[in-house]
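After this come two complexes, each holding chain A, first together with chain B and then together with chain C.
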Partner chain A sequence: MTEFKVQERPGEGVSILDLRGYLDAHTATDLENAFQRLLGAKKFNIVVNCRDLSYISSAGLGVFMAYIEDVRKNNGDIKLTNMTPKVYNVFDLLGFPILYEIYKDESEAISKFQNTTKH
Partner chain B sequence: MSSTSKTISKIVSSNTESLSDIREFVAGQARTHGFPEDEVANIVLAVDEACTNIIKHAYRFASDKQIEISVGRQGREFEVIISDDGRSFDPAALRNPDLKEHLTHYRRGGLGVYLMKKLMDTVEYQFQPGQRNHVRLVKFLPASPSR
Partner chain C sequence: MPRLKRILLILIPVIVLPLVFALDIVRMTVDLGISGLGTVRELALLASFASIGIALGSAEDRTKHNVPKELGRLLLFYAAVLAAIIFMTVTSLFGGEEGQETSVRYVAIHLLGTYIVGILVTVVAIVTLQRLRSMVLHKRTRGVRRNFLLFLGALGTTVLLSMPFIPPAGGILTYLSFTIAVILAVVNAFRQSWIVYLSRREKIYALVYAFLLFVVLTILDVLLAQRSDSQRAMLGFSPPIHAFVQITCLFATFYAGMAFVSTLFHLPTAEVFERKQSELNSLHNLGRLVTQVFDFEHLVETVTHMATEVSGARSAWLELFDQPGASVNGLRVVARQHASQQEIALFEANVLTALRKTVRESGKYSLIEDLWEDRRTKSLRELGVPKLALLSIPLVSHGALVGILHATKRAEQGFDQDDIDVLTGFSDYASITIENARLFLRSLERERLEQEMMLAQRMQKRLLPQTMPSLPGVEFAAVSESSAEVGGDYYDVFELSHGRYGLVVADVSGKGVSAAFYMAVLKGIFLSLVRLDHSPRELLVKANRALLESLEKNAFISVVYAVLDTKSGDLVMARAGHCPVVYASAKGTELIRPNGLGLGLTEGRLFAQSTEERVIRLATQDVCVFYTDGVTEARNAREEEFGYDRLIDAVQRHKTKDAAGIKDGILQEIRTFLENSAYNDDMTLVVIKWLARAEEKSRVIS
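After this line comes the complex of A and B, so read on.
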């Protein structure tokens, strides 16, 4: 059985999703559900912390692609943080750093949101 | 030194729940053949993508079918052959996507094949009417296998 967990945690003006385990075609639905819950609650400033994400396939990356447009239309963003080199490599191979903000640390992503909100 | 190794096969059900078993099997075989961990990860991801495509496109999520994964060495090649009895995949659709265009239009899916080609040295599809479909993934073995 593939182990994957997504947990929502409130931050200062943002919603943080902590990902853990293996994100593949089997578990991608769990992440979709988490995004749907956030969008349903009109939470559009989203930080995804990938510190404990061990693995991602294109099915997992597809979830980010599915929601980023709706999130940005609502003046929000999905910012990704704390990736291991192995996981970052997959995002990088597919060109994600061109269109997604990826930070080494969660606090950087949160402060980016806070700076944007102030303007 | 023999230039071929005994082929080891695993048959799994055609559902996404099998992906973790597939990854574990392929990772073990890749390590046995002396690949470093970063290459093991690349091979595992490529096989995951190939099997996900079979589950989604060849079998259209029918979970009562089978996928066979065969692993072995042919000369300098570490070879993974993935076989199914589903619908044939159109090789013409295998052209590399324009990644930026793909991303800027938020197109979901279609990136698995691109990843496979990026991660492996060879990706070949064999389709013949009335016969099983085969995807052959090859990674060249490290110069000095640690076996």
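After this line comes the complex of A and C, so read on.
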């Protein structure tokens, strides 16, 4: 019924995950696997583009929580971008903007990564 | 046969035979001069033996016969008879030359000897005839039965023609009928159909017994036919009985001889027959496999056991996938027959992985004819593995490999095409049965899980308040629906000090059992924290600290906690990542959303910094609606969400009703919106309606 897709795309010094569709308890494992792959490949600078993400459930939010600690320990980060207002509201309700950097546009997140690595 | 009848049958010879004996002694010394006395004597003897025969026959019928054993038993009897005759002859107890001595004592002793041997021989002959009957009539056809009855007829005729009242002119007839009886005995002797059903071991016994029996009987035949002491004694005892014994012994001799020859010819086929027999038995037992689907352990044991049985393999073991379609590393040995764990481990380290891959890829059996010679397994020789042939057969069910059956045999014996055919056929059957057993187990497991989930559901329902407080001036109404058996929604009301009430609505991330567990943990934490009279924000800070330890990294809980002072109507609330509260007052309906992070997301300091508290002073007819995201995220068939706007509108529309009416009104609107679509999520609604401030109310009353 509801579909979810996660695609990895290389950026400048970062890895970009494009999310599409419904991220809920059933599809959360797909995103988990994607993070697992990135961490396995020692790619810790991660931008998650949520442009085509139409819905995220609490289980979907949990996936970010599960990996953020490891990523930050390795001097990396997960930055979220391009959320629709509805999806942003879900993140916002839980207080995610306090815990994660959320940008309107992917390029902002990428340049942020580049700035931090330069210093 | 009733016991009484048997006793009577035994009683006849016990009474009659001594009488006849006494009569004989009297007749030897005195001529009684009664004509026809000889005939009466013979009839009395025949009647005695006939009743012995009937009594014995009825006793025998109950036991199941094993031919080699019976041949052995007959051999024993005849050896005894022969020994008795030889003893009598050597000690001249049959009496020397006629008319030597005529004293009563002397005659009586010799007569007694004759009687003892005569009775012994006759009884043995009766038994022989009965045993031969069962052997001849084994798997009988009508012709066989007829031939045997004809023989009995000829035998009876000969016996009758030997009666003393038959004039010597009948001698030629007697001779003729004797010849016919002997010919029929030969014909019947060809009936040896029982041999086919003997095992090799039994055949060897039969061979030896038949041979010895033939030898003993031949000697006896000669003794009974030649003019010897024993023949004279038997004729003296009773000519008809002599005829009976003579024909029966001849018959037995032919039969033993034929049995010997037939068994000898059947001996080489014994092994083949035995194997076919065991194969047949095993295939027959296959049917029994089906009934073992209820006991998986036993089933796989039986499969390996039967694999060795049908193929004559030295050992066999069965490997199954835990999950179909897994890599060959997922194969696990579930049963083994005469194969030690070390031996399988040796195979495993040296050849099995490659072999499994071969079998898996080809989907066909693989045969290594000699482990010592084969390139792949040469190394096993140094490791002390015997010279074996190894056959590996795939177990396939619904086109997928479910496991592999391995069997070994001594290399010099090897697996022939027959073995392979039988084992592959067997494997097909076994894989279906194993698959069925697994299906059965799985459905059993599912049923068990369902029952446990039902139990969990009941228990979880009890964690929610069974009734809401009923107070003057304020109304409570609540509903919680769970999509799965157990859910992650939680609400509760606590009575605090000074007329204050605490209300919590929470949602645990994720679904199912883990969510239900955390919900129970959360209730425990709240139960202990509300007693400490914290402000809502303080309480959530403490709850966050307590939960950080027990929550998994990817799990968190959103909560809204509010304390209502029923004296003042002050509602103090703090929100930890939860849905905003719908507040309907005279001014309109709005969402109240104090800042706050979900519980279990971050450590205490950041949580405390970012979580705030809000106070609402309720006015008469004000309504507060607390809920979980199942309400706003309820999605219909057109993929639309119920959302905040519809919720606010619904509250606005129903706010004049009482709390329960508002709750039902909102629920009804959600249902209408969903239009029977299969939307499924946990959904909780708690409504508070403030009727009047306590002081206002008391003013009204006074």
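Everything below uses one rule, namely that the second predicted complex is superposed on the first by the 119 of 119 C-alpha atoms of A that agree within 3 Å, B and C clash if a C-alpha of one lies under 4 Å from a C-alpha of the other, contacts with A are read in each partner's own complex, and residues count from 1 in each chain.
Basically, a residue touches a chain if its C-beta (ideal position, glycine included) is under 8 Å from a C-beta of that chain, and two chains touch if they have at least 3 such contacts.
Only a predicted model underlies this, so the values are computations on that prediction, with no experimental measurement involved.
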Inset, instruction - With everything superposed onto chain A, say whether chain B and chain C fit together or clash. - result: clash
Inset, instruction - Mind telling me which of the two, chain B or chain C, contacts the most residues of chain A? - result: B
Inset, instruction - Please work out whether A:41 is in contact with chain B alone, chain C alone, both, or neither, and reply first, second, both or neither. - result: neither
Inset, instruction - Identify the partner contact of A:98: answer first if only chain B is touched, second if only chain C is, both if each is, neither if none is. - result: both
Inset, instruction - Have a look at where A:61 lands relative to chain B and chain C in the superposition and call it first, second, both or neither. - result: both
Inset, instruction - Based on the superposed arrangement, let me know which partner A:25 touches: chain B (first), chain C (second), both, or neither? - result: both
Legend entry - Single chain C stretch clashing with chain B - from 110-118, 398-406 or 506-514: 506-514
Inset, instruction - Please write out, lowest number first, the residues of chain A touched by both chain B and chain C across the two complexes. - result: 25, 55, 57-59, 61-62, 65-66, 69, 86, 93-95, 98-99
Inset, instruction - Could you pull out which chain A residues touch chain C in their complex? - result: 25, 55, 57-59, 61-63, 65-66, 69, 86, 93-95, 98-99
Legend entry - Touching residues on chain B, where the partner in the complex is chain A: 15-17, 19-20, 23, 38, 41, 45, 48-49, 52, 55-56, 99-100, 102-104, 106-109, 111-112, 114-115, 118-119
Legend entry - Residues of chain A that touch chain B when the two form their complex: 1-3, 22, 24-26, 55, 57-59, 61-62, 65-66, 68-69, 86, 90, 93-96, 98-99
Legend entry - chain A-facing residues of chain C, complex: 507-511, 552-556, 558, 577-580, 593, 595-598, 601-602, 606, 610, 629, 633, 641
